[in-house]
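Which chain is which? They are A, B, C, D, E and F, in the order written, and residues in each are numbered from 1.
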Amino acid sequence: MPANKTALVISAHAADFVWRCGGAIALHAALGYDVTVLCLSFGERGESAKLWKQEGMTLDRVKDARRAEANRAAEKLGVHDLVCLDLGDYPLELTREDKNSVVEVIRKVQPRFMLSHSKYDPYNTDHMYATQVALECRTIAQAWGHNPGEKVLGAPQLYLFEPHQTEQMCWKPDTFLDITPVWDKKRAAIECMEGQEHLWEYYTRVAINRANHFKRIRWPVRWTGLQIRRRLRVDLPAYRR
Amino acid sequence: MPANKTALVISAHAADFVWRCGGAIALHAALGYDVTVLCLSFGERGESAKLWKQEGMTLDRVKDARRAEANRAAEKLGVHDLVCLDLGDYPLELTREDKNSVVEVIRKVQPRFMLSHSKYDPYNTDHMYATQVALECRTIAQAWGHNPGEKVLGAPQLYLFEPHQTEQMCWKPDTFLDITPVWDKKRAAIECMEGQEHLWEYYTRVAINRANHFKRIRWPVRWTGLQIRRRLRVDLPAYRR
Amino acid sequence: MPANKTALVISAHAADFVWRCGGAIALHAALGYDVTVLCLSFGERGESAKLWKQEGMTLDRVKDARRAEANRAAEKLGVHDLVCLDLGDYPLELTREDKNSVVEVIRKVQPRFMLSHSKYDPYNTDHMYATQVALECRTIAQAWGHNPGEKVLGAPQLYLFEPHQTEQMCWKPDTFLDITPVWDKKRAAIECMEGQEHLWEYYTRVAINRANHFKRIRWPVRWTGLQIRRRLRVDLPAYRR
Amino acid sequence: MPANKTALVISAHAADFVWRCGGAIALHAALGYDVTVLCLSFGERGESAKLWKQEGMTLDRVKDARRAEANRAAEKLGVHDLVCLDLGDYPLELTREDKNSVVEVIRKVQPRFMLSHSKYDPYNTDHMYATQVALECRTIAQAWGHNPGEKVLGAPQLYLFEPHQTEQMCWKPDTFLDITPVWDKKRAAIECMEGQEHLWEYYTRVAINRANHFKRIRWPVRWTGLQIRRRLRVDLPAYRR
Amino acid sequence: MPANKTALVISAHAADFVWRCGGAIALHAALGYDVTVLCLSFGERGESAKLWKQEGMTLDRVKDARRAEANRAAEKLGVHDLVCLDLGDYPLELTREDKNSVVEVIRKVQPRFMLSHSKYDPYNTDHMYATQVALECRTIAQAWGHNPGEKVLGAPQLYLFEPHQTEQMCWKPDTFLDITPVWDKKRAAIECMEGQEHLWEYYTRVAINRANHFKRIRWPVRWTGLQIRRRLRVDLPAYRR
Amino acid sequence: MPANKTALVISAHAADFVWRCGGAIALHAALGYDVTVLCLSFGERGESAKLWKQEGMTLDRVKDARRAEANRAAEKLGVHDLVCLDLGDYPLELTREDKNSVVEVIRKVQPRFMLSHSKYDPYNTDHMYATQVALECRTIAQAWGHNPGEKVLGAPQLYLFEPHQTEQMCWKPDTFLDITPVWDKKRAAIECMEGQEHLWEYYTRVAINRANHFKRIRWPVRWTGLQIRRRLRVDLPAYRR
């Protein structure tokens, strides 16, 4: 394999990568991957309720606050590069030019695998739109005739985050990742999301319960953290087993 | 519960709300709900064949006729407010600005529940587009940063109309509504659709057969109309049982 | 409605009714329902690992212990009648005669609704077999020619418990039940399951997270416990909201 | 093609073949097919409520009445051979020997195609059991080592009847059969079912509405015949259009 | 039926119609159909890797080469009319005006049936976009108010090509077409695709293995080529059986 | 990991393990796994047509021939232990005692993972029955109360073979195994199946085309056989890439 292993996360809003694949990022960073996180928006309009309740809030101030939180969280997780395209949210909508920017990032990173949202999400249409964009831009990045001369993309697998309500979103896990060794980093990143403190315990419970699922379907031997690794589709911390 | 209970129907074309949820509207009106119907278009190009067969017909004349029919039907059903956005049909396409108009209506109504078309409809792409718009605009209406200062939307459930061919459209009923007490109103509204007389008996048969389904899955006691009510997803009149 | 409202839970093993619908039972008991619980087996072979690890354990002693726990839990929940058919587990297998016993219970109870396991469960084949039995016996109980002269069954809906891993078991919630007012009873019943203490916190987390789901999809008003009730398919306690 | 074209219907109860594929039978009979109908039971216990309400009714009298009705209906439809195995209903259960009898019929008929119930039916478990039997016996009939020397079965397609509630039974039509020319025969056969008069209009409405479906998906040429027509997997193959 | 039978293939890129339904085209041409092929793009950017590896290649030169190959292949297959709209690929995106051009072709052809890509294709988003366009334009072409005075479209069935990886693309065959008599024409057309020689054997193996599938599900008599025909959804050559 | 790594294949008929997971077996054998193959039957009645066409054939002679072929193939693949339970086929049916025999094998092997047929197979009901048995016996083997004192089973994953027609059998690959290094062994085992020579090329084509699928979804680097391995669900030989 090549020396520089890379991965790319495409996150609709600035905080999504933390809740949904923070452990996957931290674990791959620990394994020597350069993980790039691409935030299409800051979630400034739709996912910043607490900020908007403050007196005299403006869109720019919200964006600044969200960017700062995302930066701190990225640092905790060992993110190699955090790219914020600031394309607007609720609704997230990309022009042809915006998509070209996404393609440019994909080609530059040349990811070994990609991560994004679930295919369907009736409660948050930005999420499913981001996945549609990820698929479309992956296709474009593979075209020899798109900016001829650039290095075209191979065929990286796209893994889908565990969404908020799996059953409603037609999402079924088929890849688990034991993030026990990096759980503290994920929790630290989660705690950077000061505006959404009510979700800290929620996502910790999700992690613990999914670990219970994981234990039920695998060989009951001791896993030694990073050595025996699996490819991931979801962030499934086996928290303090 | 608050005094003014509200509901919102998002109808791709002017007549859809009559066939697909006329009973649901009439029943909720009788229960004290203010039901707003939002017609995205008049169905002037694609659902007015009979009018177009007349000599010298124009788009404006078709729209006028369809608007008049919709008004009469809405009156029969006890609709609180009929909003026609006149966005064009076949294809129905909304700009960002059009979507903002839809969001405005949603926020103004603050519906306790919403109704729209099935998620998939290969025979009528306007229908599934309307549902996509309903989901997207519901998401936007929930954003604190969209027109900050306005009252944001809560989390109303979106119920999906019974579509024309349920099996092809991946639609499965999970909520039934006994509209027996208001059936006469629905039939009266149906008969306002003079241009589509061939459908009157069709939708009456649908109502009767779906009531047969309903009877098979419930406790066999006498239902006293409005008292024992269920939440609806479909218009399932138990016609004269 | 008739004076004596009734419901029937069909549980593959003695403890299943506690984890999976304890709140539903307690809530309906509080609403005046006579809830009968039918345990097809004690889970004596497959769900009593802790007991089997004790020196000199026998099948009868395991059954006695499981029966005692089930009795205590049933009392905490306000179960009207606990029927244990002792048909054996791992595998659960019913003869024609055994099925007749189940039919007898169903006809005696004349339930307004029934509850049982998910339709599919690759990790626990007894669970899906119990559901198959529930469907088959419901069908038999409706037959006028089965023990002619007995009162035949109407058409009670069968609700399916939330299974252990919803996604793997093709289970999707469509009915929620707010069990906040009876949560203490469910937790007390859970704590009767001394042999499975490792699951107490697990199912508490499930209840809390599912409540979070529930809050996301409903009208954001205060719920006054029993007054505003919904029909249930799953046990979804909105734990101390 | 061979001179004697054949088809085989496997019906759980004596009346099912009438409601669910009476048109298909009559049409193929008219096309020169020898259609054999195999009734696994008479529906004597579970589908004869009206008879059981009569004073002094016995199982044998019910069976006789049902057999007589089935014979009359088969005659109206032009059935070549009506085979009643009398295996009991509610529940329908076949021993290995019973299955061998079914295999014997299949091999004797050597059907060009087969018809049976939908794959899933939670409201009537006999129906889905009959389909399971049809699949299993088709497999056995193809085995060279089952009664070596007999002529083995080829690979006839199994078509599935339109079930009572298509959506709940995961049934999706992909073959339609225009039975207009034989509608009178189907209606006449339906009217032989004196014990279930309440279903005569129900199934007529089903036929009319499904024809409406058919008209929406086909080439708009003039239809000759009853106006109400359609193509099969249900009572639907416009063979030799 | 009318004298001039017609069919329309909507192909995202210039070569798709060859691999995916070349046999269907050749067979229907032999049956007297006028088959029109509409290529939305040439696949000039995304499906012409071999050309782009040549020194000094330009977009126009790629298009010319692809157009020439498509012409030759169309000739081999007996295509009545090859329409190339040159709308660009990777991504394929149609404006309202572009869609009107597609509608114009559909109305002009008045196809008895249509063919396009699978509904879902995560590896090639242009493919699923083409199908979405086909559905939408079919809907528009049926509207009496779209260019009033023109002949509106009836209700032609849309058949979906067998995609590259059926399981990932949620595609399930329900219509087979025996293209044995025209296999040589399909192979000749395939060999016109000089830039994709590595796919020649791949698609030949697909054809042979699908024919094996076909043999397993049908009556085992000799098929006499064109006489005994079925309606097609996929190109399923029974290669030299 | 423990020294003796083990795996268990549950094959409905004697030849199934060769076509469907011969490469998986050979590869894991090469990796040091002890792979046990459990044949529930010899396929003596239903999958030995060629033998039955011989004069004076008997069930015992067919079984002997099939057993001999299975032995030779197992040897080519490096199978650790071939267990033939001789339970009969077409139909395959297990008594409670037969299931106990399967449980005994499972417990003795203590497999790290299991392989069996697809969950659904309408063309071969023995196949889906074998999978049902595998799930049920896995459940029993995990029960502390089944033969108390024996070592209970952990939670090995059950992988499902690629079935004959993936789309009809609702099978979707999510695990690939590069069997290039052992392809020669698989082909040699295939050629032991003298009675089914017509399938040799068929399964070779399947292997090559599935490898093409594999190449499309992975990182385009050179794979060095056993070093970079994946867990398997299907036998997907990347034949001589």
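Here, a residue touches a chain if its C-beta (ideal position, glycine included) is under 8 Å from a C-beta of that chain, and two chains touch if they have at least 3 such contacts.
Quick caveat: nothing in here was measured; it's all calculated off a predicted structure.
Q: Relative to subunit F, which chain has the most distant C-alpha mean position?
A: It is B whose centre lies farthest from that of subunit F.
Q: Between B-E and A-F, which chain pair is linked by the larger number of C-beta contacts?
A: B-E
Q: For A-E, which listed pair, A-B, A-F or A-C, repeats its interface with over half of the contact pairs the same?
A: Looking at which residue pairs coincide with A-E, the repeat is A-B.
Q: In whole angstrom, what separates the CA-based centres of subunit D and subunit E?
A: Each chain reduced to its C-alpha mean, subunit D and subunit E end up 38 Å apart.
Q: Where the centres are mean C-alpha positions, what is the separation of subunit E from subunit F, in Å?
A: About 38 Å, centre to centre.
Q: For subunit D, write out the residues touching at least two other chains, lowest number first.
A: 123, 216-217 - these are the residues of subunit D that touch more than one other chain.
Q: For the protein chains shown, what form does their contact graph take: line, ring, star, complete or other?
A: other
Q: What pairs of chains are touching here?
A: Listed in label order, the chain pairs in contact are A-B, A-C, A-E, A-F, B-C, B-D, B-E, C-D, C-F, D-E, D-F, E-F.
Q: If you look only at subunit D, which of its residues touch subunit C in the complex?
A: By the definition above, subunit D touches subunit C via 44-46, 48-49, 52-53, 57, 59, 62, 89-91, 93, 122-126.
Q: Hey, which residues of subunit B end up touching subunit A in the complex?
A: Listed in rising order, the residues are 96, 99, 132, 135-136, 139-140, 142-146, 148, 152, 158.
Q: Which residues of subunit C touch subunit B once you look at their complex with the stated criterion?
A: Checking each residue of subunit C against subunit B gives 1-2, 112-113, 154-157, 174, 215-221.
Q: Mind pulling up the subunit D residues that touch subunit B in the complex?
A: The touching residues are 123, 164-168, 171-173, 202, 205-206, 208-209, 212-213, 216-217.
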